[in-house]
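Heads up, the thing below is written out as structure tokens.
All chains are identified by letter, namely A, B, C, D, E and F, in their written order; residue positions are counted from 1 within each chain.
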Amino acid sequence: MKKEEGTYSILVVNPILQSDFDEADREFFVKNANPSFNIKVESLKQGPASIESHYDELLAAPFVVKKVIEAEQRGFDAVVINCFLNPGMYASREVVDIPVVGPGEAAIHLALLVGNGFSIIDPGPRRYVSYTPTEQVRRMGVSSRFVSVRGAGVAVLEITKNMNRTTEMIGKQAEMAVREDGADIIVLGCTGLAGLAPKIQKIADVPVIDPALAALKVAEALCQLGLPPNRMAYPKPPEKVRKLPSAMRVNFR
Amino acid sequence: MKKEEGTYSILVVNPILQSDFDEADREFFVKNANPSFNIKVESLKQGPASIESHYDELLAAPFVVKKVIEAEQRGFDAVVINCFLNPGMYASREVVDIPVVGPGEAAIHLALLVGNGFSIIDPGPRRYVSYTPTEQVRRMGVSSRFVSVRGAGVAVLEITKNMNRTTEMIGKQAEMAVREDGADIIVLGCTGLAGLAPKIQKIADVPVIDPALAALKVAEALCQLGLPPNRMAYPKPPEKVRKLPSAMRVNFR
Amino acid sequence: MKKEEGTYSILVVNPILQSDFDEADREFFVKNANPSFNIKVESLKQGPASIESHYDELLAAPFVVKKVIEAEQRGFDAVVINCFLNPGMYASREVVDIPVVGPGEAAIHLALLVGNGFSIIDPGPRRYVSYTPTEQVRRMGVSSRFVSVRGAGVAVLEITKNMNRTTEMIGKQAEMAVREDGADIIVLGCTGLAGLAPKIQKIADVPVIDPALAALKVAEALCQLGLPPNRMAYPKPPEKVRKLPSAMRVNFR
Amino acid sequence: MKKEEGTYSILVVNPILQSDFDEADREFFVKNANPSFNIKVESLKQGPASIESHYDELLAAPFVVKKVIEAEQRGFDAVVINCFLNPGMYASREVVDIPVVGPGEAAIHLALLVGNGFSIIDPGPRRYVSYTPTEQVRRMGVSSRFVSVRGAGVAVLEITKNMNRTTEMIGKQAEMAVREDGADIIVLGCTGLAGLAPKIQKIADVPVIDPALAALKVAEALCQLGLPPNRMAYPKPPEKVRKLPSAMRVNFR
Amino acid sequence: MKKEEGTYSILVVNPILQSDFDEADREFFVKNANPSFNIKVESLKQGPASIESHYDELLAAPFVVKKVIEAEQRGFDAVVINCFLNPGMYASREVVDIPVVGPGEAAIHLALLVGNGFSIIDPGPRRYVSYTPTEQVRRMGVSSRFVSVRGAGVAVLEITKNMNRTTEMIGKQAEMAVREDGADIIVLGCTGLAGLAPKIQKIADVPVIDPALAALKVAEALCQLGLPPNRMAYPKPPEKVRKLPSAMRVNFR
Amino acid sequence: MKKEEGTYSILVVNPILQSDFDEADREFFVKNANPSFNIKVESLKQGPASIESHYDELLAAPFVVKKVIEAEQRGFDAVVINCFLNPGMYASREVVDIPVVGPGEAAIHLALLVGNGFSIIDPGPRRYVSYTPTEQVRRMGVSSRFVSVRGAGVAVLEITKNMNRTTEMIGKQAEMAVREDGADIIVLGCTGLAGLAPKIQKIADVPVIDPALAALKVAEALCQLGLPPNRMAYPKPPEKVRKLPSAMRVNFR
């Protein structure tokens, strides 16, 4: 394991159009990275302004995968796809030989390492919260430790407008997840909430997992573990005709 | 329920570039549809030549969803996304008010209606078969009735080149799934195998589910059941900036 | 697939003594069948007046199976056993070569094709609702998508006495299943509620599955799919002495 | 807890027509009962000669439930339904206030008290073994500890004809379940194998659960635990018209 | 099966320091044992005063296992480790050839034999109830039948101080588990509540399982079933250096 | 997050008597730690020479917890309990406010971050492999992604005697887990195999998780995430009399 400063470099892909989040995220990731890791944060030139649906996830994914392929070509050692829904994560693992980490997946596994049952607090509208997290958890095969999902009623693009209000609304649902649903770990369901965990922790009185931070730590660990690409789980796609808009086109080995 | 001939129209989207499959699929679907249903089969102008990976699934998805949105605008009553991996199925359900059916999902539910434990026979290379079907089944929450997945070692684009060989290779794995793994239903894992079920049935001596046919029958049923769109499970994505190549651009209500 | 009018004939067995339901059911099934399907509805000469317990299910079952065997001998192409508890369904599949469909099973699979998590609304007394549906769902292996079961407090034989009151009481529980339990699909837990789904849908604001209609559509699909009987899952019972009251006696091949 | 000799009386219902098994079973149960328990074994006057299918299970069930109701009226303290498929067990619990025990259910729970993963060895034909046990285990919710089911190829009515051969064939499959499937407990899948466990134990070198004996011990325990009937799980069926052949007719409170 | 009075002897190990419970437990077990069973109750000379945490469980365990090994050497036929958390149960099974029964495990399996879904009522503080029972149930693989766990807010060492208050507080939670959570069986989560089940049963109106009594009945059954030790599930630990305080030291074969 | 060299200190507890492993482990952990982390490796003064059974796990646990409590008092920031069975992990989390990491738990979660289905390769005798890992996986709630466990037939204390032979034997089983069982990730089931992963990786051709390394990386991440102790999942044990041998005695806050 190499440990000199800046030995490894990680690209954090914000799978959305350039936004306020970019600079904040850059600071957040740099501050939290281990010394051996250089961090770069880049957003998309094409795609949705935010991801709050399967539809947005799917519009972002081809551009994310392209960036992941290019990241490997540019020499990065790992990529974090900085969105709780992990858009393009599985496909990316097929086409590159470096670790590709998704915050949703990373956060849920870290949560299970510090408690018994977790709830996800999504910023999204209260009424529409159950669908993607529930399916994501089922897909991961960890439903028996999933307690609940709650929505706080904050639109993703509103998160940073009034951080006090965001904190209060997320905190309230986190606290209810613990008291009413029986959760003993909270997973924040959006990387737009990066940095908020310590405050929510005080309100909910249980550990709160920050998905962006979880993804960073998993990416660092995977770099240092020196694991080979998993070609059994993620085989390289066969060559074939793929007719695509130039913005999606990219070659991979 | 309306029953006059041609009352309903279903668009079958082949989520790949135009190919040999198109005409065969048109005949297959028309032959098997109920009298009240008109069928149209269309493939993509952009996208991959076939879908054999998460990567290809993801490249096809934005073009599929666009076609689904346009199908609703053109007056179709339902859409079948004609690939076992159901590319873009969940996202499509968010953006239109008509039923959107995926063959993988439809076939597995039909299988569970005619037996106890199912195996999926994928045309793909023998070594790389476990990854997507296993995850798909887990995501659907029916793992306790999933027996095995087996790959036959036929590339998707080779399926139609030598149908006798394809039948023999698929049949052999189906037969082994029954005899060695204990399956009592076979699900064909690729819509490129449409029409092959009766032959495989004779070899494996258990019911064999044709995913394209399963999707057609589910689409017909959903048209006739008159169910409203499920906005609780698939909420309409909020409006926002989405910067996309023109080939991906589309408006939805 | 044959499509001429009246090509196929389906026997709907009401697994109870002749009742008000018979004529209403006949109209309901005929109205909703595809043109190629002739429908006949018949009830039992012996058995219980309604099925609201394992005990009634078990009293009805031998007479149901006899009717199923005779249906095949009379030339029917499929049978629907018109009760949510599917009395005699598995046994029937052992003794005939035509599809035998149960509304409970059909409705739950259709539900899973239009949403994420389902609740069952049973007409039965509020206090005694959890037992059979929960076990039925566990037996089907789909517990991870089962949200809740709720009873509305209407006795089966009271359902048709005051349809407005029935609708209101069922609707109220459906609405609570969505709002409080988090369901996004409602399955009506009794075929005595046939035809009520559209009204409940308006109240609960999510898709509502009518089990009788679900069973009809599945029976039609199975006829058209041309699947062989599943002798692996439902082997033909060996010949042996069976000493039975004449009303239960029947021969099968 | 009363402990005088013969304080309690248990009726063992052989849910088949009178046979060789009756006298052997009587001896077996009497020998193994605790002193406070009187045992009576009775078979059916109507029903199948043996139970090897859902169909036979369903033909036996109404006569079993009638016997259970009468057993309570005759003063028995508990009933064992002496068949691995527990025909009529759930319904019986609805109509009487005494414990009703099924060997399949009892044996599986006892198995889980003495090891980690169990296999069921069914006497039945090798080809048709997976269907009922798998469903039974799923219905009980213990699939995660179920290792496999194997059939030995002995017809139920042949079991006693050549006990050495039966032992050898059952033993061989038990031994393979341990060595090849990884089971560490064997459950005999038929009460016709009563008394065979010690011999199979020597062959398979792991504990072997005799379902008849398991049911007896559970019935004794339930008598002594003094539990009330579970009217929440098994509510008393409402009164209604039930038109039945005289051989099925019976009143319950 | 031997049935003379006092044929078998069972050692009940109270895995805590000597206390008020000892004499009460002795009476309770003797009163409830079958005539063929002699019972002896012994507590620990070293260990915790009560077990309310993983920490206390772990402190008790080495002394429990020592007592179990000695019990076999003293000629006992079975051991009950008299605590719901079954401290040292798995390890004990590795080192002796007699049955070792834990009340938590025994009670949960008995519960599943008399109903559909169980709740555990723990005496412990209301806030901290979810952790060990949930994990215990998951480890047993019966989560799909687990309804809830509730804590009554009584410290273990306070249970006997005011039995009326204890009964009332436990009863209240049991009643809520039935009415609000949907349980149809209650499992008392502490052997310190031995003898309380009949009173709780009256309050909650469903069967209530006494874990001490469940363990006794399972221990009796295992003695009589004559099962061999399960060396596949619980292999004998290999010989090696074990450097231990004299109070923990013991030899086993 | 602090990043200066040596900011954090982690105690690795080898939960066995002093041995050859100590020095090798010290080198291994120091080499693999991030610059901000100081590592100390200490073994037990009392306990078993190795852990290959529940019995040994239980003998080690009280001494492990004592060391963990003392580690916190000595100022360590986290503890790794260096054994795949995580002896004393849950109890330790109750009594200290610093992260306590177990290699079995850490390795399984890391495995799920790099593939779909994992197998555990245990050094232990081939015959006795299924028991603890299977239960551990079930307890963690991740059974649906568990493929198999295989034993290589190497006693723990023989591992280092002939590393080539150990590698070959472990590698062979890993390769069979991939080819025959369908695993796409291998988890080494013993921390005594630390450092062997790269060699096994070459043989099995899939990623291989080293549990000691996984634990180190999780411990580092938990230090840096700044999570509070989870008092909801692991409440502080109440004060009470605990009478213990001096070697087990320790105070905690």
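Criterion: contacts are C-beta pairs under 8 Å (C-beta built on N, C-alpha and C of every residue); 3 or more make two chains touch, one makes a residue touch a chain.
Bear in mind that the values here come from a model prediction, so they are computed numbers and not experimental data.
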{"item": "Touching both chain C and chain E (chains)", "value": "A, D"}
{"item": "Reference chain C; chain at largest CA-centroid distance", "value": "F"}
{"item": "Separation of mean Cα positions, chain D and chain C [Å, integer]", "value": "29"}
{"item": "Centre-of-Cα separation between chain E and chain B, whole angstrom", "value": "52"}
{"item": "Residue list for chain A, restricted to those that touch at least two other chains", "value": "116, 130-131, 135, 138, 140-141, 143-145, 184, 232-234"}
{"item": "Chains that touch, pairwise", "value": "A-B, A-C, A-E, A-F, B-C, B-D, B-F, C-D, C-E, D-E, D-F, E-F"}
{"item": "Chain E-touching residues of chain A, taken from the complex the two chains share", "value": "116-117, 144-145, 182, 184"}
{"item": "Touch list for chain E against partner chain D, complex", "value": "1, 3, 31-32, 34-36, 99, 101, 105-106, 109-110, 112-116, 140-145, 178, 184-185, 198, 201, 205-210, 213-214, 217-218, 220-222, 224-228, 230-234"}
{"item": "Touch list for chain E against partner chain F, complex", "value": "17, 45-50, 52-59, 61-62, 65, 88, 90-91, 93-95, 125, 127-128, 130-131, 135, 138-141, 143, 155, 157, 232-235, 237-238, 240-248"}
{"item": "Contact footprint of chain D on chain F as seen in their complex", "value": "130-131, 134-135, 138, 143"}
